[in-house]
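First subunit A sits with subunit B, and in the next complex the same chain sits with subunit C.
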Partner chain A sequence: MPKLIIDNREVTVPEGTNVLEAAQALDIVIPHFCYHEALGAVGSCRLCAMNFLEGPVEGLQMACMIKAEDGMVVSTVDEEAVELRSHVIEWAMTNHPHDCPVCDEGGECQLQDMTVAGGHSRRRFHGPKQTYINQELGPFIQQEKNRCITCYRCIRTYRDYCGGTDFGTFGSRNRICFGRFQDGRLESPFSGNLVDACPTGVFTNKVFRFKSRVWDLQEAPSICPHCSLGCSTIPGGRYRELQRVKPGINRETNGFFICDRGRFGYDHVNHPERPRQARLDGQQATVDAALTAAAQRVRQMVEQHGPDSVAFVGSARTSLEAGALLAEWAKRTGSPHLLFETHRERDRAARILVDRLGDRACSLAELQQSDLLLLIGTDLIAEGPMAALAVRQAVRAGAQVVVIDPRPIDLPCSCTHLPVGPERLPVFLDTLVTRKTEALTDAERNPLQALLEQLDAAKTPALLGGADLLGSRGISRLLDAAVALDNNERPVRVVGLLGGANSYGGALLTRSPRDFDTLVDDIQEGAIKALVCLESDPYRECFDPARAQAALGRLELLVSFDCTPNLAAQRADIFLPSRPVAEMAGSFINNEGRLQAFEQVIEPGISIRETSSGDHPPREFSLETPGALPRPAWQMLAQVLDLPGDLPAIRQQIATADERFDALTSLTADETGPRITDPVVLPDTAPDELPQCVPGETLPLLPVQGFAGSDWLAHLSAPLQPLEGEPTIWLHCDLAVRLGLAEQDQARLTTPLGHCHVTVRTSARMADNLVLVPHLWGTALEGLVPGGRHIDCRLEKEVNL
Partner chain B sequence: MANVETMTINMGPQHPSTHGVLQLVLELDGETVVKATPHVGFLHRGIEKLSEHRTYHQILPLTDRLDYLAPMHNNLGYVLAVEKLLGLTDAIPERAQVVRVLLAELTRIKSHLVWLACHALDIGAMTVFIYCFREREHVMDMYEKISGARMTSNYFRVGGLSADLPVGIEQEMRDFVNDMPKHIETYEGLLTGNIIWQKRIKDVGVISAEDAIDLGVTGPCLRSSGVDWDLRRDQPYSGYENYDFKVIVDDGCDTWARYHARLNEMRESCKIVHQALDKLKPGPILADAPKVCLPPKQDVVNSIEGLIHQFKIITEGFKPEEGEIYVGVENPKGEVGFYINSDGSACPKRMKIRSASFVNLQALPKMCEGSLIADVVAVIGTLDIVLGEIDR
Partner chain C sequence: MGLWRDIKGTLQPFWVTLGYLFKKPATIQYPEEKRTPPPRYRARIVLTRDPDGNERCVACHLCSAACPVDCISMQAAETEDGRRYAAWFRINFTRCIFCGFCAEACPTMAIQMTPDYEICDRDPLNLLHEKQDLLIDGCGKDEEYNFYRHSGIGVVNPRGGNADETPPVDPKALVP
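Up next, the complex of A and B:
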């Protein structure tokens, strides 16, 4: 651990720390541009000069490029260093355009801050400034090349860290600029990180452009609600509108970046059809009246028909606090029916994972340390994009990645991909557990044996699996494999990609050993007459939506709490408007068991808009802010239960009632949360209805998640619309030939649920003999839910009209 | 004394003679004032609280509105305090310092003109009011040419001045202070020998030196009670030590003494203005502190460096180190002081304004208890209070 002296103060730092970081450990911040904790040091901006007075290195040096060593004596305030830094700023400023008044970066601009800090204030260069032509880079990124100071952060982010390939450096010498090989949308699902990485305003958030100055935004630390990884975010809003999301820094989970779905999926908060009024039997009502009616009717139902007649269903996007209060309500009625996932396989998989994960849990930071990663039955870009980024960092450090999946998996790093049908996945998992290869085909045997050898030799192996394709049996087998592959020196880590932000928390809270499909049976028979839905959509987000919808029509009472315009919200007898994550405080438990808190960013309300084209606004007066009636779900549930409605009291109550959630009482949003590992109520064993795609008479159709269009909240976000595209299906190239179809052909997909007009995509990197269909909300493909049993389909080329 | 029935009446806050929204609750025994209680706060705008949420540059226009009859003087006190907090006092360029003294003294003349006008008007001499305001118009015109506004100048800046003096203003100033002594003679001619004036203000509003010091009275009121104390000479700022002027001290202790004191102060101010105009040399008007001082507009418009500094200083503000400072200046009304406590952020943690009029007003009960109700009017006038400064 080298010990060195910086500005007369001693500091000891870990081996490998550079001097800039060593200074930061003493709270000394030197002006710098190109150094970034996640991107490393390249020494291209020349700004972080310090004077090395004594030691193994001497003279004016770039602090980020020098590793700290014993005996170094460094001065950051030395005259020479200060002067050099001001000259470097002057040089960087020679070509910088006069854009501050129209540049979005202002207020968050590292260039502005460093210019003032560097002490350069009077311009001496009066020559012409170099200019470039900007490119169109898609709906997310606005480019303004003239502002570039060639720090290379964009390249290091997009290509090196995120693995993008369509963006690069142009030119040489003093005519360098950065851009896409040709105009067009940036392909990486992490392209939004350019906005944060760029220290000037070259890359700005196009969706947020010109909306607000950053110091006018209300911001607070939050957690992304769009997948189970729980990345830290900082949403920003103004005038009752959520206007942007930027990554929060969490070195355990997302690091410094987020994916584009998390960055641009916020607009569901501002959705024009978001339900904001409580409803009672089809009429508008006050929230209080509707809550009273809900409590009363549920009580009456229990009195008349017994506690078994009411079911309580939460979801993976509801906060832990709301979920715990729903559980309390269920407990008080005596009802045994309490679930937090209407999708059967996702529910069962989550519960098994949570029950057995224990110390095998692996954060994204830990994933980056793996030397061998097996991704089996998981499409990380669709199910947990930032995990794909963590996998890439592991590969950059030398790790190997093996992917076993029927889908044409795209990872931002190289990997070995075995494209096999989904029915083979359990067979492979068995082989990993038993090491018996009899059930494997000849083509499969060698790769599996090689994989086993790799796994045995690996020092930090990790297994990753997704709930959709593996189901609960597969997840359970994956955990068995981890146990079998453990050795004395190291355990095998496991990462399960679950359905939503609080899937893990929901699994901890679930008390019924039954799953939603069996509840649907009871509803169909009339045994369950009432359903309380907490921010969930039992009509569509389940294994068999058609069957569920038929049964749900028979309910006598449907109570729904939600902030999105889904079917449950529309059809509820009693509807209560709840708040999305950004409008309240609460907590989630992510897929590795990490409890994380989020804080309220804005108050709900219809966004303030300029409506009268410059004239005086309409003279409407109201005692209430329009659209401000929604309340946090936990607050409304507390009211139903006659509990105090403030969050600290609720958290205390939950922790007291359930010691698994002890950490809730001291939880804050600025720490990375503690891990919770506890047993759960396991689901009953049930016959496996996993996706099977056995070639036969008909074509098997496998619905899968897509990066865009499959997450309900993200679907409601207008900025992400350009990514959703048209209904699409994927075929192996050979299968396409056999069916007489080609890439980009228009085809008609027919299933027992109906038909849909689709575009054909082909790939050689996927399993043959099946049709993949990415789930797409808002289209005819909506009813084809991933994680379901396979469906028979027919594909015919659409005749051109 | 046997039980005397007193009558309590309310004077103000709406009253032509209270010089603003001041409420005096007077307990009267006939026409004699037994007790006088000032009630203040009707003009409270929360300037000190607002300052806690404004950057140091943003606070400056608020200071104009304290003693709004001497705006540049308030500006001066404030910028001196911030400069001292930043350690910039020695870096203020010579020209800026001279202009500050120049305008401070012109402001003194302006303020005393209002004093005389309103004091005389209250007592009944309307002509003096008209005459004084006519002269004041000249100063307001000069204010407008220099700073852009007749009253709320916002002219000084942390580090110097916001803009240089306009061409030709020096001659205008010289003409003004050349003419001023003549005008003061005119006012004296109307008042000093006037028996009504003498009867109304001699031996009215008496306050001894001890009482004045005990109550914290400052300015001409203090000096007219025989106490020789003037911050310009005793705790000089902005180069006042280089000017030759008399500190007017009179031990009359009454309104008559204060009347003469302020008239003579106006004469001294004219002398200082002459000296300052002689000292004026071309030079920079802003200290070389780019992280604090707003860059010249030309730089902002023509260079990215100027633009960036302007952007950061305006939107974020500069951040003085943690610490606290108090600076007092000799405002026409007395000692006006700015206490600033910085917590290292862009907004002061606390800014307390030591207001001369607020403290002087405390002397009012002492000065008019036992006098007639008509004398209350004279006392208010002689104290020369401004509610903007009292209430902040």
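Up next, the complex of A and C:
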């Protein structure tokens, strides 16, 4: 631990820290551009100059390039250093345009801060300024090249950190600029990070363009609800409208960045069809009246037909507090039916993962330290994009990546991909456990043998699997494989990608050994007469939507708490408007068991963009906010249960009732969060077999998740619509040739669910004899839910007349 | 001593008052008579136009950030040619304290203080001035400044076409 003196103050820092970081540890503000905690230092901006007075290095040096060492005496306020810094920032400003009033970076412009910190206030250079022509970079990023100060942070973020390839440095000498070779959408799913990386306004958020100044935003630390990784975010809203999301800093999960789904998927909060009014038997009602009726009717149902006649179903986006209160409600009624996932395989997979994960849990920060990553049955870009970014960082540090998956996986890093059919996945998993390669084909044997050797040699290996494709049986075998591959020196870590933000928490709370499909049987037979849905959609987000919809029609009572216009909300006898993550405080448990709290960002209400008439906001005064009726689900459930309705009291109550959640009482939204592991109630039904796609007369069709369009909340977000695209299927090139289809052909897809028109995409990097279809809400592909067995389909080329 | 002081204190005001009977009164008969305040007097706030007749306000929010009583609110928007402007702009004159911070903060000379001090109304709602109430037809105190002719992002002139700019560079040029 080197000890050094900066500005006459002594500081001890960990080995390997640079002097700039050491100065920051003392809260000394030194201007810098090229240094970033995640990107490292390159010493190119020349701004962090300090004078090294004594020690191994002497003279004027760039602090970010010098490792802190014992005996160093450094001055940041030395005249020479201050003068150099002021000149450097003056040079950086020579071509910077005079457009701060119309620049969206205003308020969080690092260039502005550094210019002031560097002591430059008056322009002395009177020559003309250099200009550039801007590029059109798609729906997310707005470019203004004139503002560039060539710090290279965009390149280091987009290319080096995020692995994008369609962005680069152009020009020579003083004509350097950064962009794409041609106009077009930035293809990386992490493109939004350019906005945060750019210290000035070259890359700004196009969706947020001119909506607000950042100092006017209401902001609070929150958690991204779009996948199970639980990335930290900071949403910002103004005038009752959620307007943007920027990454929060959690060094254990997302670090400093987030994916575009998390960044631009916030708009479900402002969805024009969002239900904001409580309903009772089709009539508008007050929330209080609807809650009283819900409690009363559930009680009546239990009195008349016994506790078994009521079922309670939460979802993966239910906060832990609301989930625990739903469990309490189920307990008080005596009902044994309490689930937090309506998709039976996702439910089982989550419960098995939670039950067995234990110390094998691996945060994204730990994943970056792995030296061998085996991704089996998971498409990280769709199921947990930030995990793909963590995998890339591991590869940059020298790790090997092996992918076994039928999909044409696009990881932002180099990998060895074995595109095997889903029916081969169990064989591979078994081989990892038993090490017997007899069941493998000749083509598969060598790569797997090599993989086993790599796994034995690896010091920090990690296995990653997705709940959708592997199912509970696959997740279970993945954990078996981890046990089999363990040796004395090192454990094998496991990352399971689950269905939603609180899948893990839901699995911990689930008390019923049954899964949703067996409940559907009971509903069909009339044994279950009432269903309480907490932010879940059993009509569509289940294994077999057609069967569920037929059965759910027989319910005598459907109560739904939701903040989205889903089918359960539309068809409920009693509907209660709840709030999305940005409008309430609560907590989620992510896929590694990390309990994280989020705070309320904005109050609910219809934005004044919608309520304003003509060219100004309303001129009437009213004490009531339009559309402000939604309440947090935990508050409404507390009212049903006659408990105090404030969050600290609810958390206290949950922690008292269940010691696993002790940490809830002291949890704050800015901490990394403790891990919770505990055995859970496992499903008693036999798990599904892994998808067996045996080619026959018909083609096997396998629904999978896509980056945008498969997540319900992201689908409701208008900024992400351009990414959803048309209904698409993926075929292996050879299969396409056999079927007489070519890339971008229009085809007619026939499944037992009906017909639909799809665009054909082909790839040589995927499994043969298989049709992959990315799930897409709001289209004919909506009923093809990922996470199930394959279904049979036929494909015909459509002839354009 | 005390007695003399009291007598003087009683009579002197009468003497002073008597003297004023023969002087011209300082009071003016407002509202029939009106005084002209100096041009830099800080009263009614207006939004001015640039010499080309376009709105100067770019909705940068600096006035609302500077405002100590939070009486200014606005929403920025963009025209097709890239000009940032205020979709709506509201000053709540029931709150305004005429401190002039907004005019001082304005980087485009859009918001200016005028000597028109007669702002009162029985209905507070009439003192809630929208953009159309604030916008005047002239340049106000600055006859020349047009922000977009200096901003360097190409709205009034094509990119690189302003006086203090070079034409756009060709990043693919190979000339050393």
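Convention: the second predicted complex is superposed on the first by the 784 of 801 C-alpha atoms of A that agree within 3 Å, B and C clash if a C-alpha of one lies under 4 Å from a C-alpha of the other, contacts with A are read in each partner's own complex, and residues count from 1 in each chain.
One rule holds in what follows: a residue touches a chain if its C-beta (ideal position, glycine included) is under 8 Å from a C-beta of that chain, and two chains touch if they have at least 3 such contacts.
All of these numbers come straight from a predicted model, not from anything done at the bench.
For the composite obtained by overlaying on subunit A, subunit B and subunit C cannot both be accommodated without a clash.
By the touch criterion defined above, A:16 lies against neither subunit B nor subunit C after alignment on the C-alpha atoms of chain A. Once chain A of one complex is fitted onto chain A of the other, the partner contacts of A:123 are limited to subunit B, with no touch recorded for subunit C. Number of subunit A residues touched is higher for C, counting subunit B against subunit C. In the superposition on chain A, contact is made by A:209 with subunit C only, not with subunit B.
Within the superposed three-chain model, A:616 lies in touch with subunit C and out of touch with subunit B [touch as defined at top]. Of the two partner chains, subunit B and subunit C are each touched by A:106. In the superposed model, A:115 makes contact with subunit B only, not with subunit C.
When the two structures are aligned on the shared chain, A:93 is found in touch with subunit B, with no touch to subunit C. Touch criterion met: A:175 reaches subunit C, while subunit B stays clear of it.
Applying the stated contact rule after C-alpha superposition, one finds that A:282 touches neither subunit B nor subunit C. Touching of subunit A by both subunit B and subunit C, each in its own complex, is seen for residues 97-98, 100-101, 106, 213, 215. Those residues of subunit A that touch subunit C in the complex are listed here as 97-102, 106, 128-134, 144, 146, 170-173, 175-177, 209-211, 213, 215-216, 239, 609, 612, 615-617, 619.
Residues 290-291, 295, 299, 302-309, 311-312, 315-316 of subunit B are the ones touching subunit A in the complex. Residues of subunit C touching subunit A in their complex: 58-62, 64-65, 73, 75-78, 84, 87-88, 90, 107-108, 125, 128, 130-132, 147, 150-154, 159-160, 164-174, 176.
For subunit A in complex with subunit B, the touching residues are 93, 96-98, 100-101, 106-107, 111-113, 115-116, 119-123, 213, 215.
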